[in-house]
Amino acid sequence: MSEFEPSILCFACNWCSYAAADIAGTSRIHYPPNVRLLRVMCSGMVDAEYVMKALEAGFDGVMVAGCHIGDCHYISGNIKAQEMVTRLKKLLHILGLEDERLMLKWIATSEGPIFAETIKEYVEQLKKLGPSPFRKELVT
Amino acid sequence: MSDAVLVIGGGIAGIQASLDLADMGKHVYLVEKSPSIGGRMAQLDKTFPTNDCSICILAPKMADCYDHSNTTILTYSEVKEITGSAGDFTVTVLKKARYVDAKKCTGCGECTEKCPAKAPDLFNMGLGTRKAAYLYFLQAVPRVALIDQEYCIRMTKGLTKDGKPRCGVCKDVCQAGAIDFDQQDEEITLNVGAIIIATGFDPYDPTSLTEYGYRRYKNVVTAMEYERLICASGPTGGHLKRLSADDRDPKTIAFIQCVGSRDLHHNKYCASVCCMHSTKEAILANEHDPEIHSYIFYIDIRASGKGFQDYVARAKKEYNVTYIRSRVAEIAQDAGENPVIWYEDTNSRQVKSMTVDLVVLATCMVPRTDAVGLAAITHTALDEYKFFQTSPLAPVDTTIPGIFACGYCQGPMDIPESVAQASAAAARAAEIVS
Amino acid sequence: MQALTPYKDAIDIVKEAGGEAFEQCYQCGLCSGTCPWNLVTSFIVRRLIHQAQLGLVDFEDDDLWLCATCGACVARCPRGVEIIDIMRAMRNVVAEVGAAKVPDSLRITAKNIASAGNPQGEAREIRGNWAEESKVKTFTEGTELLYFSCCVPAYDPKVRRIAQATAGILNKAGVDFGILGAKESCCGESIRKAGNESIFQSLANSNIQAFTESGVSKVLVSSPHCYHTFKNEYPALGGNFEVVHTAQYLLELIRDQKLKLTKELNKKVAYQDPCYLGRHNGIYDEPREVLRSIPGLELIELPDSREESICCGGGGGRIWIETKKGERFSDLRLEQAIEAGAEILAVACPYCMLNFDDSVLTMDKGEIIEIRDISELVWGAI
Amino acid sequence: MGGNITAEALDRDERRIGVYICHCGLNIADTVDVEAVANYAGTLNSVAVARDYRFMCSDPGQDLIKNDIKELNLNRVVVASCSPRMHEPTFRKACEAASLNPYLFEMANIREDCSWVHDDREVATQKAKALVRAAVARVYYNDPLEIKEIPFNPDTLVVGGGIAGIQAALEIADSEHKVYLVERDPSIGGHMIQLDKTFPTLDCSQCILTPKMAAVGAHPYIELLSYSEVEEVSGFVGAFKVKVRKKARYVDEDKCTGCGLCQEKCPWTADSEYDVGLSKRKAIYTPFAQAIPNVPVIDRDSCAYFLKGKCRACEKFCETGAIDFEQVDQFIELEVGAIILATGYDAFDPSTISQYGYGIYDNVITGLQFERLSAATGPTGGEIRLKDGRKPESVAIIHCVGSRDQNYHEYCSRVCCMYGLKVAHIVKDKTNADVYEMYIDMRCFGEGYEEFYKRVSEEGVNFIRGKVAKVTDKAVSEEEEGKLVVICEDTLLGSIIRVPVDMVVLCIALEARSDAEEVARKFIISRRADGFFLERHVKLDPVATPSDGVLIAGCCQGPKDIPDTVVQASAAAARVLAMISKGRVTLEASVSHVNEDLCIGCGRCEELCEFHAPKVGIYEKPMPVSRVNEALCKGCGACAVACPTGAISIKHFKPEQILAMVDALAET
Amino acid sequence: MSLEDIIQETKTFYCLDCGKCTGLCPVSRYNPAYSPRVMLENALFGFQDDLTYNHDLFSCLTCYACSSKCPGDVDYPLFIQKARALALDAGQHGDCAHSGTVQSLARLMSNPGVSQNRLEWLSDGLRISTQSDTMFFVGCAPYFEHIFDFDSGAIDAVKASLKILNHCGIEPVVLPNERCCGHDMLWTGDVETFRRLAEHNAAIIKEAGVKKIIFSCPEGYRTFKEDYPKYVDIDCELQHISEFLADRIAENGLDFSEVKRKVTYHDPCRLGRHLGIYEQPRKVIAALPGIELVEMEHNKEESLCCGTSAFVNCDSCSKQIRVDRLLEAKATGADTLITSCPKCQIHFRCAMTNKGEEKGPDVEIEVMDLVNLVANALGDGHNE
């Protein structure tokens, strides 16, 4: 079977990270296709339910991307995302999942290249980590 | 062969059977456990559907039965043993000592007034009290007093310090000199050709239905207790009032049907008479105080007898009675000791709560507790509910030829059916002894 | 003066030596204006920093050794620049990188400390001798408190009275304490500010080892310099002990009624805030409260007191360098005290005592004013 | 049919989705096999039609959608093309044009997220299919949303009667819209009225300000509420409700003719705030002559009647009987559409820097106090006098007092250099004394500022670069006897210098109002670290705040000079006029919504919402539940995450929609 | 399993349609749209859609208040459990509270590849071993610590239980990779996941070779005792810790230190009506010196449910149930409400966390697990 290709779901906040992805697009910066973007209005909108559902659905990595602290269009949305991710990581740790399965990253609008770079690094990291125990083929 | 007949149980069924047989010239021995014949019906105030005063229609029969030449009434007695077979039964009966000479006692009641000792009045369902020396109830037949050895001071407290027997007030006041402390239980053997069992029923104790709060809440009473409350000869002289300390007159009463009946946890069968006696009690309440509004919580109104359906219709129309199709779920109590009923009104599909002044539980009716003993003595079989086993085409025959059962001890039925069955049993018995 | 070009290597050397704070300085000159040296001579701190910024430091310049690390400039610097660190870094470049010659007196003192563990160069063994008369036991495992007297009171007979008074008080109050004697060495605070970082490291490690081996958890010090280095500089090397200065501890004893001050001292007393107790560590009120609790004592405030107190000139290794007559801060301070009508000048630091005693002699003010350590005054009042 | 059947079951009506794959010329087509994606889309659940077209955003492209909606009665549309940040509005309008609710529409970004960033055609097509599948899965659960609009109340509230407030009020009122101007002090004028001259033109400050103040006083469209404060603000942009406390003046405004007799007769005095304590004013006073409104106020703290219950002299002498000791604070309810905060700044209290001797030496004064000395209306009638009346022979002006200093304010107060120069010029002009200016940097950046600096230096002012360390009266030489000695290092000379002078003027910093925290909370805006109000964007949106409808202008947003303040005031006014002319406010459609059956009233949403939209209270049901003020909600979704029972959800971002996308994206 | 099979298995045909269940049902009292009688009516009439698509199918608390008094002895909660399985097939599920975290964790845990770090809470004072033949079933407490934004007290109860067992000389086996017992999955209809969890647990228990399992969580206890036998076989003696304590107190008694406290006891549905354990907890409380037990109006068999079950359909009505139950507890004058179920404790503590301005009725009362009360009385209060 060809080399393991991790699948990543990225919740991108409309005002910063999704805009950064757009800029990465307009400046034609290529990055691995493993990531699939899901646009939300604010990183604070990402509920633990969505991340758990993504893990259940077999994604190897979930990324929550928001604005830098202080830049949030809704003042403190990113802080709330940080709290949610910290708490959820503790749960996933008890469950036995590696810490890298869930990643929180601040990406400002202008940081298109950084967005692409982050995706590249994350794919490499997950390749080293191996498939998620809940990956579709393994479960059934 | 003996042409006499033993009738066990002096309720309406027993009385009717005795009269029929007596009128046929047969000699009847009527054995009644309690100090007087009359049975459950004597405890009722009125009877449905005619609202006749229960004791008014019962007293003449009691009198005829007692005075009939062919009848020997053994009250305050119990059947101990029965041997033999159809046509020739030997029956041993224990006649408990009344400590009163039946012949001398005029029933004047002097001793009952002066007697200092008090005891719970079971005739009034324990609502009031009576004395140790007492008449079972006003219209008791035979109208002979008796002394309750468990409560009489003389018999319970033993001798005084200087060796003299205590009290003895009743003896002093009895002009007829009827008091005889040395009376002993008597064992009488009878020889009869046929036996009719008419032991009737006990009301089911609803305490085990904890959700209804019987005993926990004062203003939750059973139907029989209600009958005594509403009855003129009852503990309150017929003045219907609440049992809580404020003893206010109730303006709203809730009658709850199928308490302990049609219930796999308690009694599976339907007691058949509760729907009607609750309706009667609701009507009585309204007659007693027109402001009273009654609510009857039912699953099905079983008004199947003659005139029953119009009786229910009249209750709705004239006597301020509302019928709510719902089995009450739970009874709580608010601060004023008013019962709060929680129920789902299955017609409107809504869960509601209703606060009323008084709750009457139409409890199930079960065979007498000592029916089992009697069945053992008579070797007759009982069905799963402890009723005497009969079969549809021989509704009054028990499993033992020559022994018949009629009335509630054989199955749930109302007074008319009991009377009809009593006559049937009398006829069946007559065949054997004639 | 031919043109100068910024010298990158010099900038880096000073930075590596711990002086990188100079980058934040925007040359406003407030430090120069505030420095007490400018009351007696001219010492442009700003220029030294600017030279460091451009790598044009003249390492031969004696001005490098003027700074008494009193902290007045640091407290007021609008950019919060750690000017003392810059000075220490430049001195380090001279002392350990060899960019120039270290002043002789300092060089000798550094050699003494390196070899004998005390600036006086006395034998290590006799460090505990001062304590014989006061019957002080050596510190053993489980003793509640270590008393670290500082080298000056231990070896210098003129200042021994501080340690003896303190020991006397502790005995009177029934405190379970001891000293480590020969195992102790100089706390290293001043020698570090004089640029000898390596000597400081070895002193600190040996002290920490000695303390931990003996199971020390709480240290009582007489010198604010020891207090400063134990509290703020030793933790980085793994030495975490509870440190308390005599002024604080005496107040504790008085408050817990373990000390009863009965004898009256009807004198006007002024208190000189030592830079390393006051400005560096924010302890102003405890010493004053101790003095006020001595019956009859009338406490008067000097001008420029508390945060604005003027240094006695002893910090940063200056105690071991001769200060020209007429340029001694302790003289100015003594005059201020006399002018304020003080009969006693209370001090809380052995360096202050040395300087002020010196000033009393050189200015011949012996009859008008005396110099007393706080512990002496308390000892006298029991 | 009993119980409440889930909505999903009821409206399992036909979903008819139209999917349109855009080529975007070659931008998408050359990396993604658009036909394959279109065919694939056709196979998806409830997709009625799937097409691909070269330019979906073009008019023919949009017509394609409009016709399909009409002919094939589509009730949902998905366009796979560029980023929604680009053309979502365009396609939404297209749907609306075909009378399909704009929120029944989704976009799949197969350009920036796919074709432009990947090169392998097969993988890109695979990913494009996934993105389309996700968009279709999401649109299935989209609900039609109603875009609400509320009327915009044309009245405006301006808080603060300084030059900023006055300018903003005038500009709005001049376009015939009602303005309520609330000013805390007895008269408008703010700090500017206290100034003598303004730099760089040296115009007499009062001459250019009083006409504007008069205009405000007389303007038919401006209702001036002086000596009043805002107590409480509620509501939202377009419909604010403001409660204003009109403090009791104890003088009846209608009867008072402003004759000033009461001020003459009143025997009790107190420090004049207007003259910054340099002179006294009476207990009953108007702050300055040209006060608007020209109605005096009785100061309770210095009026004998209020303190000791006697005197009432003013009442006796007042011919019109305007004095009324029984007056009480009144409360007025205002309804306005927008609010402009122009609350200005506080002057830094230099006494905290003990080394400068303010409050210790008589002749150390602040810049503001100098303004009063040099002003004709000032206590000395415009003459520069020392405390003992002598003319100063030498004056030192110290810059950056409390500014650019980590221990006080790290920021530069922007105006002190210029008013330092102005003070220098006035001193030279009026007393010809020696003037020394101690500065770190001369920041004369504005128009005509550098020229003014050149002119003042030509007038013989000495400039010494160095931050002053100490001002002392302890003389070291004869010249210093009886003088104030300013000690500092002249960093250009590289030596400490001691400048003996008669008077020292401190250029004190401008700092945020002491009650800024409380005001910020009232108007639901936040503050920067330095205490000034936080603007929406420092560069692109300086006069707006994160709370819609609340604008800020002038020094309350940060220290600035009068020209900048006036510019900001006009900007704020313009923003308000724009909103007024639009006449209505479109509310955010995808806002939070509470299902009150699910809500357990735990208040977690209320506690964390930055915009105070959800509020737990007792409404119809006996138990408290949360309810959202849709006008305040920004739709950020934080409350939905915190809600334990999922009672609160964001329209257009419901959990089902997002979970559907997650599942669709997961399928390989 | 079709609707008819369900009706047969749960004896629904005995229903007299008398409405007593609806009258007793705590949910119906506040949610007019929900009526157990109507649910059965729909089933009996064959209206399957009205049953499976009914939102309130998931509002039933499965607390057995109705069945325990049902004249027709219909096993209504079992009917609901089966009906929910049908609903799941039709794609319907209840509103999962707390972002469905508990449900997601259970599904994730049912995956064979999972190896958990679930014993990090184990502090040194507590001793466990691998040889003992008694096992202590921890359950989901380690996860609960990080799901709620208030102190769930779940792990404290587990620690207290271990302290009690250690005190009684037992160093129980605690399995490091123990799975969720599957209670919530079974009761919300996800039989498939439940079966996988049961199989995992059965395998590792068999491998551990224990003979007795002690539970502190009644839901785990009931699932192992009543539901597991239908899917897997676990030949171990099962005991709730209150039963263990009651026996131990009866045998040789335990020495407790005196703690003055007035308490009232809330019977968890799973322990009470499901398994009939009412007396043991009360015997344990009675054995604690200084503790005065005051019974609430609704106690033992009549005890009211704590308002939420399996973290599904928690809504305003479940809040009302909890508020009334807390008010009833406060009315007894007790200063602590004792229960022996971690979930009741969580739901009560959640009801007391009101962060908005409007707090609603004052329901503030200390809630404590029975095992904590006992552990505190065993000397050096472990978590006082």
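So that you can tell them apart, the chains are marked A, B, C, D and E in the order they are listed, and the count of residues begins at 1 in each.
The rule is short, and it goes like this: a residue touches a chain if its C-beta (ideal position, glycine included) is under 8 Å from a C-beta of that chain, and two chains touch if they have at least 3 such contacts.
Not measured: the values here are computed from a predicted model.
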### Task
Please identify each chain that touches subunit A as well as subunit B.
E
### Message
Return the chains shared as contacts by subunit B and subunit E, ordered by label.
### Response
none
### Task
Specify the chain with the shortest distance from its C-alpha centroid to the centroid of every protein C-alpha atom present.
E
### Message
Looking only at C-beta pairs that count as contacts, which pair of chains has more of them, D-E or C-D?
### Response
D-E
### Query
Cα centroid separation between subunit B and subunit C, in whole Å?
108
### Query
With chain centres defined as C-alpha means, what is the inter-centre distance between subunit C and subunit E in Å?
67
### Task
Give, as an integer number of Å, the spacing between the C-alpha centres of subunit D and subunit A.
35
### Task
Calculate how many whole Å lie between the centre of subunit B and the centre of subunit D, each centre taken as the average of the chain's C-alpha atoms.
89
### Task
Please set out, as single numbers or ranges, the residues of subunit E touching at least two other chains.
35, 38, 96, 99
### Task
Two or more other chains in contact with one residue: find those residues in subunit A.
47-49, 53
### Query
So which stretches of subunit C touch two or more other chains?
none
### Message
I'd like to see which chains touch which, written out pair by pair.
### Response
A-D, A-E, B-E, C-D, D-E
## Note on the structure
subunit E contacts subunit A in the complex at 96, 99-101, 104-105, 107-109, 111, 113-118, 120, 142-143, 145-147
### Query
How about subunit E: which of its residues touch subunit D in the complex?
31, 33-35, 38-39, 41-42, 47, 49-50, 53-57, 92, 95-99, 149, 314-320, 323, 350-351, 353-360
### Query
In the complex of these two chains, what residues of subunit B are touching subunit E?
209-211, 258, 262-265, 299, 325-330, 332, 342-346, 349-351
### Message
If we count contacts the way the header does, which residues on subunit D are in touch with subunit A in the complex?
### Response
83-86, 109, 111-114, 116-120, 123-124, 127, 130-131, 134, 526, 546, 590, 608, 610-611, 634-638, 640-642, 650, 653, 655, 658-659, 661-663, 665-666, 668
### Task
Under the touch definition given earlier, write down the residues of subunit D that touch subunit C in their complex.
354-355, 400, 404-407, 440, 465-470, 487-491, 494-496
